[in-house]
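Each chain gets a letter, A, B, C and D, in the order it is written, and its residues are counted from 1.
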């Protein structure tokens, strides 16, 4: 029955297709990073060096940029993957907000690279503000998705305990506020602002609390732990 | 039973695989855009500037191109995602038309970039015609898919109300006609033609009407809203 | 039950994961093509032209290469998608042969571009042999997958009628032989060899016969037509 | 029931989404390789040659790099695909370790290219150490995932026979030790170290033993062989 309906009915595949698309953007954003580093001796890479070691070491800004971009995008992917337990459905505006969030993920390597390529140069202050602003904007698009899902829990799993959702709102909201605060801080104290913003992102490499559900509405074990 | 048949039977996964492929093309097209912007100070980016701010501001054409490309491809993705409720199956020619549509999506950054890189230059008129023609061609490939699905609703969900399908045909058809009309308009009035074409695409960032079904054939709630 | 087993059992998702991976390679191969064309006026594109029209027309080799690459990879994707009905499972060596086939798909833009960039130059004869050899190698990797699946129909749908499989073996085999024959032909008559090879690929943009099954083993309608 | 729960419940799709993401990274890493080879005569490719054959042959370092990268990433994909039968679930730290492993996959083309572009030059010894170190690090991230899954088989299929898991631990562990040993060897004997490391990776292009299960816990045939 389920199969034969595939023949004549519109295709609805729950949140799955939506998340497959988002995961693909994350996967590409992470993998494209290597395209920016050209191996020494390759047609577009560094040429005419006396020592291969120093030629590779001379690319430390590219290497640092790759690691930072990977860490930032990876941390957001971990949270995006985690919230797969929280968001239960999607609608037009949630999809549109998600496109905005993915735009931030796609472009975040630009401010990160700007900072890496000006670290220790007279342009570091400006580059630091660029970096913290880029990270703060990314956090804002994340919060836009979160707050859109909140009122009446339009698109969030209705079984989740209100206390759990309040805890996550505080957690994500505080992180966004810290990253916004890092922007003016980086104007005054470039290195402190950058450190604050990056530490805040790094925090989301750590595991988040296990979702708590309303009593009697816990999903069956197979559904929850199969992540 | 369903599992053991996987062992000896050909793999059929409904429209799912088809849409997974299309979604992957969209995801890559959106993410690749960042490759075209090289951060100032990076090996291939702008060099030797006096001010980092002006170096970044000097890349405004790249930034504008990225935003426009993202908006145009994103609007088509939203509609593509939406029509997942309308198309119910696929056949060879629908797959081939879809490849043509995806070709338009893949190449649409070219006319957009041509326009962005000549805005405010003596070449703007030619660039404007290039842009409107590129957008009109993309709209035509979209309509080709739509009209192929219409006669006898070969591949559309048979439960959809005829009135709903007529409404969407008018809507998509009118948009395609406007974008075609924007081409001659951009010959006479470059900026008016471009504005008309871009507004028409931007309109599809807005939500479309909820699908209406024949009485008694509404899909069960879990099937419909799980999008 | 199916759900709770996800908790403790190894993940087996039939041919689905295997094809998802292959489809992703196809999607990326098609989308990456645009990266090779830099819009006139962009930092890496043509500069200092007197006419934008002639600057864009001057990129005709890039445009031709994109269309040819898209057509060739698209034709293989259509066949790859079609054979999703024929292949029923996978094993290690089939996966390895598939990686070889995907390698051919990934690199086929190289010989196509070599030909496009030397069309009408003194290097056209060598470029033509490069193109036909590249297409013939791709066809050979396709046949390797096919013949690996044949003996005892190790990995093909056991319900398929032997006559149908013989028909497809003849069809794919003949196409491979024609493409192999196009290599020596292109040595003698460059343009004839290229035309033969490209026409042979273009033939696979057309629909292939509907799979025929052993009497009484036809899959139920929902399973078959949901493609 | 399963469908209507999609409406209000958080999305849980077992290991599937996790592996779809990993597969996408592999697919992109394999496909991006072609971007590094510019066809002779193309705007960014070799120019002004007397013979097209020698121009293409002059790119042998790029061609070799593509084949080696494809082989190394492909071998890891085959093993990654194979262990889909072994890993049964995921948790936060497993996801994080997997991101680390994917980082190694994404960047491994860099040491491979460094080696290819210095083969037969005075820089070959340094390039050889770079290559073996890159391969050893990749093997270490693979082992980190493996050992994380071992204690108490937190995330591995609980039905697998302990003897089978011990066999695979020896096999993967020995391969990792050989690749680590290849690093000091490549300091003393560059070519021997590189050969040892590459042969060790090539070994994983071969099929691995069929998973063995505890008596009475064998998965039903449809579940196992549908890979």
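In this text, a contact is a pair of C-beta atoms (placed from the backbone, for glycine too) under 8 Å apart; a residue touches a chain by one contact, two chains touch by 3 or more.
Chain identities (UniProt): A, B, C, D = Putative membrane protein.
Note that this is a predicted model, so its numbers are computed, not measured.
Participant: Farthest chain from chain B (Putative membrane protein), going by mean C-alpha coordinates, please.
Facilitator: Taking each chain's C-alpha mean as its centre, the farthest from chain B (Putative membrane protein) is D.
Participant: Can you check whether chain A (Putative membrane protein) and chain D (Putative membrane protein) touch via the same residue numbers (shared by over half) or via different ones?
Facilitator: Different; most numbers are used by only one of chain A (Putative membrane protein) and chain D (Putative membrane protein).
Participant: From the mean C-alpha coordinate of chain B (Putative membrane protein) to that of chain D (Putative membrane protein), what's the distance rounded to whole Å?
Facilitator: Taking the mean C-alpha position of each chain, the two centres sit 34 Å apart.
Participant: Centroid of chain A (Putative membrane protein) to centroid of chain B (Putative membrane protein), CA atoms only: how many Å?
Facilitator: 24
Participant: Would you give the residues of chain C (Putative membrane protein) that are in contact with at least 2 other chains, written as numbers and ranges?
Facilitator: 6-7, 14-15, 20, 24, 28, 32, 35, 44, 89, 223, 225-226
Participant: So in the complex, which bits of chain C (Putative membrane protein) are touching chain B (Putative membrane protein)?
Facilitator: 14-16, 19-20, 23-24, 26-28, 30-35, 37, 39-45, 51-53, 56, 66, 70, 74, 77-78, 81-82, 84-89, 156-160, 205-208, 211, 219, 223-227
Participant: Under the touch definition given earlier, write down the residues of chain B (Putative membrane protein) that touch chain C (Putative membrane protein) in their complex.
Facilitator: 6-15, 17-18, 20-21, 24-25, 28-29, 32, 35-36, 38, 44, 61-62, 89-93, 95-96, 99, 102-103, 106-107, 109-110, 113-114, 117-118, 121, 123, 126-127, 130
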